[in-house]
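Each structure below appears as C-alpha cells.
One chain, chain A, links the two complexes that follow: it is found with chain B in the first and with chain C in the second.
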Partner chain A sequence: MNWRLLPLRVDDAFMSMAIDEALLILNAEKKSPNTVRFWRWLPSAVSLGCFQSLEREVDLEAARRHGVDIVRRITGGGAVFHDHQGELTYSLVCGEEDMPRDIVESYKIICDGIVQGLKQLGIPAEFRPINDVQVNGKKISGSAQTRRWGSLLQHGTILISPDVRLMFELLKVSPEKISDKFISSVFERVTTIERELGRRPSFEQVREAMIKGFERALNVDLVEGELTRAELDLAAKLRPKYASKEWLRKR
Partner chain B sequence: MKYGEFKAPKGVIKVELLLSGDVISRISLSGDFFIYPEEALERLESSLTGVKVDFDNLMAAVKKFYQDTGAQTPLLTPEHWVEAILRAARS
Partner chain C sequence: MGASEYEVREGLFYSKEHEWLKVEKGQVRVGITDYAQDKLGDVVYVELPVVGRKVKQIGEPKNRDMELGAVESVKAVSTVYSPISGTVKEVNSTLQERPEIINTSPYDEGWICVVVPEDLDKEIKTLMDAKAYSEYLKNLG
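Here is the complex of A and B:
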C-alpha cells in the first residue's frame, strides 16, 4: 500500500497545527490520502495538551522573553517545548480502519516507526506505553493521538538536540527550582539523538532514517507528494483558531 | 476556589473546585491525560456538578459518565478522578 510522504516544512506553531487538523478533516472526508510528514517549528514553541491549563503549565513571561510561541493542540498529553534547532516533529494521518481500534495498540504501531527509524541511526530504542519511545529507560520521543470523524492523527517529537535548560525555564514542571541538580536529574530521564550518537546528524539524515522506519513499521511505501490546494486553503482557514487567545486560554 | 492534584500512573489530574456546602457547584479539570473523544471532558465536568463530594457519590457519577459516553481514558480509572477531586475538596 502507498501512503503519501510530504516534504519537510518549517512553519510557525499555528500553521503547523492547522495543517495537521486540515489533513485529519480531509482524510476523514476521503479527500486526503493517508499521510506522513516531518516538520520543524519556527520560532521555537511550547505546545500545550488539549486539556492542560495554560497558566498552570507555562511560564508566560519566560515565553515572551525568549520569543517562544505557545499553542494548544487538539491532542491530549503534556506540554512540550519544541526547539527550532533541536527537534524534528512528525505527523501521521490515516483512516481509523487502518489502525487497531485499541488506542495503546495503535500508538505502539506508529511509535514503532520512530523505534525503527532510530535503529536505522544505530540507536536501540523501545516503545513505552502509552505514548513514548525510550532509549535505556530515557525518553527520546513523545507522541499524542486524536481520532475524529473516522480518521486518526498522531503527532510527536523526535529529540535531536533540544535546549533542555530553556525547556525547564518555559514549562512549570514542578515547584523545584531550575538548579543544576534538577537539570541533571532531567538528563537521567530524557535523552537525545545527539547524546546517544555522540554526534549530531542533520535534520535530513534523521528524516531519511524515520521515513525508512515508518515504512517498515506501517508496512507501506511512502511516496513523495505535496500538500494540495484544498489542504493549504483549509489550513489557512484553521490557523486563526490556533493563534487565538480564546483557544489558547480554553483551560 | 479549592485546588488539588493527583499523579495517576499516566498523567496528572488537576482539579479546581467550588463547593456549595458539600456539593460541587463548579469544577474544572485539567492535566496531561488523554480522553477519547476529547469533548467528553466537558461532559465529565457537567456530570460532576451538583454531586456531593464523598467517595461513593463521586464514584457513581464518574462511572455513569463512562457508561453514558463510552469515553476511553488509557491508564486512567474512575478511582483516579475521584482521588483528585477529594484532594481538591480537602485542600
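Here is the complex of A and C:
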C-alpha cells in the first residue's frame, strides 16, 4: 500500500497545527490520503495539550523573553518545548480503520516507525507504553494522538539536540524541583540523538532514516507528494484559530 | 478483558461508536459505554457540548456535526459522537470536576448530556439494543 510522504516543512506553530488539523479533517472526509510528514518549528515553541491550563504550564514571561511561541494542540498529553534547532517533529494521519482500535496498540505500531528509524541511525531504541520511545530507559521521543471524525492524527517529537535548560525556563516546574540535581536527573531520564551518537546528524539524515523506519513499521511505501490546494486552503483557514487568544486561553 | 466482561445494560440503545442512549420522557440521556471507557483508559478531561447546540446522529462518513464533545484519557483525545439528532438540553457539569466518573460509573453518574431528539422513532431503529450490542462487542474480539 502507498501512503503519501510530504516534504520537510519549517512553519510557525500555528501553521503546523493548522496543517495537521486540515489533514485530519480532509482524511476523515476521504479527500486526503493517509499521510506522513516531518517538519520543524520556527520559531521554537511550547505546545500545550488540548485541555491543559496555560497559566499552570507555561512561564509566559519567559516565553516572551525568548521569542518562543505558545500553541494549544488538538491532541492530548502534556506541555512540550519544541526547539527549532533541536527537534524533528513527525505527524501521521490515517483512517481509524487503518490502525488497531486499541489506542496503545496503535501507538506501538506508529512509534515503531521511530524505533526502526533510530535503528537506521545506529541507536537501539524501544517502544515504552503508553506513547514514548526510549533508549536504555531514557526518553528520546514522545507522541500524542487524537481520533476524530473517523480519522486518527498522531504527532510527536524526535529529539536531536534540544536546549534542555531553556525548556526548564519555559515550562513551569515547581520551584523546589528546579535545582541542578533535578535538572541532572532529567538529563538521566531524557536523551537525544546527538548524545547517543556522539555527533549531530543533519535534519535530512534523521528524516531519511525515519522514512525508512516508518515504511518498515507501517508496512507501506511512502511516496513523495505535496500538500494539495484544498489542504493548504483549509490550513490557512484554521491557522487564525491556533494563533488566537481564545483558543490559547481556552483553559 | 473478553467482550462478555463489559457491562451492557438492558433497556439502553447503543451506537457502533460505543455511545449509549436512554429514552426518558421527551428527551434522551447519552453517555459512553463500559467498553468505551475501558478502551480509553483513565479519563482526565471531558469537553462537554454547549447547551442549545444542534447535533446530528452518527452515520458514515462521520463529520463534526455529529460530535457531542471529546474525552481525553491518558492515551488520547477521542470524539464522543451523538447517537441521536437533536438539541443539547443539559450537560453533566460534574464531569468538569470529576472526569474519572466516566470510568467508575459510565452508565449512571458518568452520563454526558441530555438531548431533545428530532425524530426519535425513526433514528432509534438504527441503534442496537443490549442484545445486539453484546453480539457486536463479541465480534470486535
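By definition in this document, the second predicted complex is superposed on the first by the 248 of 251 C-alpha atoms of A that agree within 3 Å, B and C clash if a C-alpha of one lies under 4 Å from a C-alpha of the other, contacts with A are read in each partner's own complex, and residues count from 1 in each chain.
We take it that a residue touches a chain if its C-beta (ideal position, glycine included) is under 8 Å from a C-beta of that chain, and two chains touch if they have at least 3 such contacts.
Because the structure is a prediction, the values reported are computed rather than measured.
Using the contact criterion defined above for the overlaid structures, shared-chain residue A:Thr89 touches neither chain B nor chain C, since it reaches no partner. Of the two partner chains, chain B is the only one touched by A:Gly78; chain C is not. Of the two partner chains, chain B is the only one touched by A:Arg56; chain C is not. By the touch criterion stated above, A:Val104 is placed in contact with chain B and with chain C alike. Using the contact criterion defined above for the overlaid structures, shared-chain residue A:Thr146 touches chain B and also reaches chain C.
By the touch criterion defined above, A:Thr192 reaches neither chain B nor chain C. Legend: residue contacts after superposition of the two complexes on their common chain; A:Ser44 is shown touching neither chain B nor chain C. In the superposed model, A:Ile130 lies in contact with both chain B and chain C.
In the superposed model, A:Ala28 makes contact with chain C only, not with chain B. Chain A uses residues 49-51, 74-76, 103-104, 130-131, 144-148 to touch chain B in one structure and chain C in the other. Within the complex, the chain C residues that touch chain A are 39-41, 44-45, 47, 60-64, 66-67, 70, 72-79, 140. Those residues of chain A that touch chain C in the complex are listed here as 25, 28-30, 49-51, 74-76, 101-104, 107, 130-131, 144-150. The part of chain A that touches chain B in the complex is made up of residues 49-53, 56, 74-79, 103-104, 129-131, 144-148, 251.
On chain B, the positions that touch chain A within their shared complex are 10-11, 14, 28-38, 41, 72, 74-75.
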